[in-house]
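Since the structure comes first, as structure tokens, the remarks are kept for the end.
Chain naming follows the written order as A, B, C and D, and within any one chain the residues start at number 1.
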Amino acid sequence: MENLIALLIAAPLLGAAVLLCGGRRLDRVGHWLGTLLAAVSFVVGVVLFSDMLGKSGDGRTLHQHLFSWIPVEGFQADIAFQLDQLSMTFVLLITGVGTLIHIYSIGYMEHDERRRRFFGYLNLFLAAMLLLVLADNYLLLYMGWEGVGLASYLLIGFWQHKPSAATAAKKAFLVNRVGDMGLSIAIMLMFTTFGTFAFGPVLGSTGDATEGKLTAIGLMLLLAACGKSAQVPLQSWLGDAMEGPTPVSALIHAATMVTAGVYLITRSGAIFNAAPDAQLVVVVVGAVTLLFGAIVGCAKDDIKKALAGSTMSQIGYMILAAGLGPIGYVFAIMHLVTHGFFKAGLFLGAGSVMHGMNDEVDMRKYGGLRKYMPVTFVTFGLGYLAIIGFPGLSGFFSKDKIIEAAFAKGGTEGWILGAVTLLGAAITAFYMTRVMLLTFFGEKRWQPDEKGNAPHPHESPRSMTIPMILLAVGSVFAGGFFSIGDRFVHWLEPVTGYHHGEAPVSAATVTGATMVVLVLGVALAWLMYGRKPVPVTAPRGSLLTRAARRDLLQDDFNHVVLVRGGEHLTRSLVYVDHTLVDGVVNGTAASFGGLSGRLRKLQNGYARTYAVSMFGGTAVLIAATLLMRAV
Amino acid sequence: MNPVYYLYLASLLFTIGAAGVLIRRNAIVVFMCVELMLNACNLAFVTFSRLHGNLDGQIIAFFTMVVAAAEVVVGLAIIVSVFRSRHSASVDDASLMKL
Amino acid sequence: MSATVVHSLWTTTAAGGIDKIPSPTIEYAQLAPTLIVAGAAVLGILIEAFIPRKGRYHAQLFLSLVALAAAFASVVALAAGGYGTTKKHIAAMGAIAIDGPSLFLQGTILLASVVAVFTFAERRLDPESHGNRVDSFAAQAAAVPGSDSEKAAVRAGFTTTEVFPLALFAVAGMLVFPAANDLLTLFIALEVFSLPLYLLCALARRKRLMSQEAAVKYFLLGAFSSAFLLFGIALLYGYAGSVSYARIAEVVDGTVQSVSPALADTMGNDALLLIGGALILMGLLFKVGAVPFHMWTPDVYQGAPTPVTGFMAAATKVAAFGALLRLLYVVLPGLRWDWRPVMWAVVIVTMLGGAIVAITQTDIKRLLAYSSIAHAGFILAGVIAATPDGISSVLFYLAAYSFVTIGAFAVVTLVRDAGGEATHLSKWAGLGRRSPLVAAVFAVFLLAFAGIPLTSGFSGKFAVFKAAADGGAGALVVVGVIASAIAAFFYIRVIVLMFFSEPKPEGPTVAVPSALTTMAIGVGVVVTLVLGVAPQYFLDLASQAGGFVR
Amino acid sequence: MSFPLLTATAVLPAVGAIATAAVPAARRSAAKWLALLFSLATLVLAAVVVVRFEPGGARYQLTESHAWISDFGVRYELGVDGIGVALLALTALLIPFVILAGWHDADPLEDVNPNRRWRPTQGFFALILMVEAMVILSFEATDVFLFYILFEAMLIPMYFLIGGFGDRAHAGGDEAAATQRSYAAVKFLLYNLVGGLIMLAAVIGLYVVAGSFSLSEIAEARASGSLSMATSTERWLFLGFFFAFAVKAPLWPLHTWLPNAMGESTAPVAVLITAVVDKVGTFAMLRFCLQLFPEASKWATPVILVLALISIVYGALLAVGQRDMKRLIAYASISHFGFIIMGIFAMTSQGQSGATLYMVNHGISTAALMLVAGFLITRRGSRLIADYGGVQKVAPVLAGTFLVGGLATLSLPGLSPFVSEFLVLVGTFSRYPVVGIIATIGIVLAALYVLVLYQRTMTGPVKAEVKGMPDLKVRELVVVAPLIALLLFLGVYPKPLTEIVNPAVEHTMSDVQQTDPKPEVEAAP
């Protein structure tokens, strides 16, 4: 059975290889091939899943050792996989959503002549992401980690002819690299501490290591997570990443890749449990990002950027939960999965809208689209309800649990976190409602563009709507399915561990509070955008609004400090290299030349001068010899 | 009398010769100065020969004279040819090659 | 025939009747090399006197080559007879030392001379004038440059075939110089090879004014230095009461047996010894062209006919260094602690001075002159190692160096324009494009000068530096390394010029030489590479020849 | 007396060089094919060496030993350890690609060709083969003097390759380019010559101290205690050797010759410089510095590590600041050489294995990137990044290969450079944590300069001059594809390489009497 694990990765990898090296002759069948292989991977996943359900206890964890990767004295890195409940959850999510989005893309990318390559990249992403979640040691995980980074780079920059896209792609990769730096340092620390970096030994012997070391490792892992999951302070790339085709945003920048950070932290639970300081930092990062993303989400008029902000904030929830330790891991993952469904659904919906609106992304130029694209409206609506946590839908369960867990942290911390999470819920409700209203309600606000062709909103083809519907189903029922009888908890407990945190307030109260803030958020949004018509050009807005539109000035900071500073640094270094380092050498050469030129003058052509030098030389010779004898 | 005085004389002559070489411009004169130096050497040889009571020095003096003569032959040949082509025997005029 | 011989004659006469004069014993076999060459030289004069003009060139060329070959053969015979290694002998009543070093040096000098004679005899380079092939020597030395008589001589197709006997005389002197075993012989030999060289310098066919100027400078300065040398000899004689090396050495070491009162008196006076030694040293350093006695070198090298320059640069250096070695190792070892520091200074300034001044030279011949000065410095570094290793390394270096030098100057003779040889560096631009082969050959020589591995230059430099380091002169090695780094700079400059700069439209032409020059250059290249890749055999020769007779 | 395999590996290309040079001027293409043939034959021989080499066996294998210059105590001694084999294989592998990539780089331009006997093409390929011969032999030499001779001699053919053959873009009449080029060539030669001469002093010193040049003899003498260097002497000698190698490597601040040399020469020659010749420097650090002067090496480690660190960051930053893509790659190489040297002197088995792998991988990755860049430059006739844009649109394959090369340069996991870079980092970190952490900055900067280069040249709107630029031709694909395949293969399965290298590294570690630091915790299995 375990031999199937490699197949999970192999299938999409093969697809990537074939599609990218295949050349134009594959253009006609490329997308089908890509989708097929993704589906294969999904099927394999399902098979493994059913097999896993058949087993029980530790038997559920499968290992597959392919070969020794880097055998060097005192350093052992293997190409080996580990499939346990946690990985399995991700496998299903990745392959499932992935397959759907492949299908969606068939329609969405129909008119792009480079569609084959697009599917190649998508397959590459699947392979890398699966490698990430299936690796049984941190170094292999690192390979997947950078692999998804590469895939996201390629996909964000898929429309390379647009400078903005190319820049966004580069930015994403660079910011991620900073995170990766953290991961590699973490691995080095593990190596020096434990002499290995395989999950088993490392997580098994955290007890013997000093807390200092563990904290260091934890913080470095967090840095990595921040990079990949767009958490403050490394969140700046996610917004720009929306330059990529919408399916990409849905798959990579909503459902799967960006949640890798959560996976990393949950996977390394043993380390964090033993390093409370690190955990605290994790929680703080989560909380801050949660609000940060939410606020940004409120101000954006670009539908995708708004959703991106929301993604950021939702992942903030997960990170926060993961930071809570055993009481939170499970819910972090649960929210991750549900979020995977509804956020992917939302993005696909957005994509469908753009598809019908000539790729217009400014929500202020939408309005009243519900009658033009009903299916999109419904699926998007369901996703909307799910994310704001409408009772009974996925988001309701998963987010609710996180808020409870936050309170259950106990002490003032608990209260603060709880408050933050609640506030976050309120804001979520607000900005999602805003998106909903701006897009589907009100009267139509689009006009012909300068070339005079007005958009003709229409429903998207079947290949796009079906995935949306499926995802909508998921976002409606997943949460409930997981929560009934704590299915999900029991499912993950063997891996992440779980103990129920007793909140200072009863679960019911928490739920009630959530409902209240939810209603408030929605109401406020309706007051601002539902009641009165929306101006097509955005009003100047308050200081906060303007800041939020600019991602809370975080980019400007980067630009001024890092980019400008870096440019100055390199420019001055180039100068230094030329004048100083090189100059010293050239200077020496020149000085010899000058000396030579001067000495040359002595050779003035007069025999008598030469005689003088001989005479003087002799005199010196004699004097020196006599002197030698004298002393 | 003490032969050492001859040595002083010899060194004096030698130095005068050397000085002449450094100072005088006319090639012939310069050359004569060299001859003077050689003769100074001869004087020294003879003196030492006397001093040591063996005749090597005196013999060498003869050799030196022969050599000097040979030098005259060669030297004058060269100097004369230069003089004919340049119409000047000044060593300072012969400074085409320098630096 | 040396002073001591005469002296013994005198004393015996004083003792007994005139009839008992014993004839001095001369080992003709051991003196054969010198005698052969000298004899051939005399013969050459006769040829000038009696053979008609047309035939002289070939007769002279033939005679010289045969003589040199025969001389070399006898050297080899002597070496095979064991003189090269174990046997040592002082011939001609103490005048000439026949031992390893002298034989090795004589062999080197003879071979170098053969190659040099090839270049002397080259007459394909200049365009034929009035239907006569001409070589690089003046049609008629006596004729005033540019005068009608000169034109007439040229028209008549005269050539100065006297150069061959002159060269042979010089060679004879050079053969004696490193073998001289008393100071008188040293002096005579010096003059014997100097005087012909003075004349040869004056005999250039083109640029005669410069040639004559070179001759004057060389002559005056040479005479000046030999005067110093002679005075030095006088003083040493005064100190030791004898001019024979062995005797002086004994006196210096104080191991002399019978001490006459006069000797006792002079022995006490170290000033005589030190000043005398210094003056002799100066005379020899002048010949090897060591700073500060080097200033004649560039001018003379530039002015002299290029074949002569090559001959001087190679053979004279060999002879002079041989004499220097013998002087320092046989006569003055007792003074090592006096002359060594001074020599250190000389070595350093010579290496650096030569290398630095060469950087800004614009005339290829002057450039090579300065490079030869720098090389003199390197060799001196080996000389003052004062170990058998030092001797053999110097011998090897000299052998390696002389062939590279002759080859290099031979190449210089090939690059010509209307005014004869185009020696200005700017004219050499793009030579690699015009005639890759010549440029490549010259590049090989330059790399050898620069001491790049796999060329003889490197082997020699390594041997010398190794000896110096062994002899406790590590600092010198470092300086030498720096000097060679500086030197590398201008050798490379020439290579850049030849290969990487575009040829000038009015650039020089490369004459196609006859077999003679080709052979000279070929020998140069072969020796350069062989000594670079597989020097062991020659190192053995040199190290076996390492011991001086006392 | 068995067949002298190692000598053969060096003699074959040398013969090839002579043969190629002898081809008459008219038969230009014949010369090319001849050169290619010989390089491939050498590759085969190298393969035989790799097969015949037993990782577990003696330290030096396939040894040959003949008397050479006994006066200098010099023997012609050859032998390869794992490190030597790896680099030997790399060299033999790269040369055919270099030749193939430079196929048209030396075709003479008729207009500047005064002499029919002027045969640049023959010369070009002959010189390349000559360099190969010398480099290979220097990897095999176990006699210090023999190594030194090759170390110096290989400068000459390199010098002519750099100075004699510029980019086609600038070839011919362009006077300014010509002067630039000869400046670069002279700079290259003088830097390395000075380094070499200083090493010469040290070599002589070594002889004075040890009385022999043979590694084995010196090792024995050490072991038997008959040879003991005074601390100061050993340090001076070490510095003499290290200086030369640091120039060659090149290590900051002795690096400035590399950008000129790589910038001015044609892409294949640039590859020859950085991927093949410079490796001799780092190889020699492992082979000679550590083996001959273990104590001094340890003594100098802190300084060297700092310099290496500076090289890493400084090189990367300067790469970011370059306008000329070849110079950019050159500075990137400087940064990478910093990593290699850091790995060597971290004195851990991970570090040194990593360094050795790094030499190989860097060779392959730089070759890939530089050669593709060369193809690009020959198409457009400019080295300036600013002159490009949107190439990806018109020549996707070229852009793709360029990207892969770039990703290899920024050592993306899955491509071979990652393995070595991570090993070096871990190896360094385990002994000098701070150094290791600072070095990781290099990772980020690498991403920066690579991606900036790619973005500016390949993406964005298509520049007018770039329109109609042809995609990679078959010959060019044949050059690039195998390299990329190799990068991928060694990225996921470097075992064949590490198996060869590990034992050698263990030997070196024991030379310097170093053992890896132990982990704090004995991890549960």
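In the analysis below, a contact is a pair of C-beta atoms (placed from the backbone, for glycine too) under 8 Å apart; a residue touches a chain by one contact, two chains touch by 3 or more.
Predicted model, so just to flag it, every value in this text is computed and none were measured.
Asker: Between subunit A and subunit D, which partner chains are common?
Answerer: Where subunit A and subunit D share a partner, that partner set is C.
Asker: Farthest chain from subunit C, comparing Cα centres?
Answerer: Following the centroid criterion, the farthest chain would be A.
Asker: Hey, which chain is the most central one here, using CA centres?
Answerer: D
Asker: If you tally the C-beta contacts for B-C and for C-D, which one comes out higher?
Answerer: Comparing B-C with C-D, the pair joined by more C-beta contacts is B-C.
Asker: Once you find the CA centre of subunit B and the CA centre of subunit C, what distance in Å lies between them?
Answerer: Each chain reduced to its C-alpha mean, subunit B and subunit C end up 24 Å apart.
Asker: Take the average of all CA coordinates in subunit C, do the same for subunit D, and state the distance between these two points in whole angstrom.
Answerer: 45
Asker: Would you mind pulling out the distance in Å between where the CA atoms of subunit A average out and where those of subunit C do?
Answerer: Computed value for the inter-centroid distance: 81 Å.
Asker: Distance-wise, how many Å sit between the C-alpha centres of subunit A and subunit B, to the nearest whole number?
Answerer: 97
Asker: What are the residues of subunit D that contact at least two other chains?
Answerer: 190
Asker: What are the residue numbers in subunit B that touch two or more other chains?
Answerer: 18, 21, 30, 91, 94-98
Asker: Could you tell me which residues belong to subunit A and also touch two or more other chains?
Answerer: In subunit A, residues 589, 600, 603, 605, 607, 611 touch at least two other chains, as defined above.
Asker: Can you give me every chain pair that touches, using the contact definition above?
Answerer: So, checking each combination of chains, I get A-B, A-C, A-D, B-C, C-D as the touching pairs.
Asker: Provide the residue numbers of subunit B that touch subunit C in the complex, in ascending order.
Answerer: Where subunit B meets subunit C, its residues are 7, 10, 14, 17-18, 21, 27, 30-31, 34, 37-38, 40-41, 44-45, 47-48, 51-57, 59-60, 63-64, 67, 70-71, 74-75, 77-79, 81-82, 84-86, 91, 94-98.
Asker: Flag every residue of subunit C that touches subunit A in the complex, lowest number first.
Answerer: Per the touch definition, subunit C meets subunit A at residues 216-217, 220-221, 224-225, 228, 270-271, 274-275, 277-279, 281-282, 286, 291-293, 295-296, 298-299, 337-339, 341-342, 345-346, 353, 356-361, 486, 489.
Asker: Which residues, counting only subunit C, touch subunit B once they are in their complex?
Answerer: 3-4, 6-7, 10, 141-142, 144-145, 184, 187-188, 191, 195, 198-199, 202, 208-210, 212-217, 219-220, 223-224, 227-228, 230-231, 233-235, 237-238, 241-243, 260, 262-263, 266, 298-299, 302-303, 366
Asker: Please output the residues of subunit D touching subunit C within their complex, sorted ascending.
Answerer: The contact residues of subunit D facing subunit C are 67-72, 112-115, 117-119, 148-150, 152-153, 155-156, 159-160, 163-164, 173, 175, 178, 181-182, 185-186, 189-190, 193-194, 197-198, 200-201, 204-205, 207-208.
Asker: Give the list of subunit D residues in touch with subunit A in this complex.
Answerer: 190-191, 252-253, 255-256, 314, 317-318, 320-322, 349-350, 353-354, 390, 392-393, 400, 407, 412-414, 418-419, 422-423, 425-426, 429-430, 433, 436-437, 440-441, 443-444, 447-448, 451-452, 455, 458-462, 492-495, 498-499, 502, 505-506, 516-525
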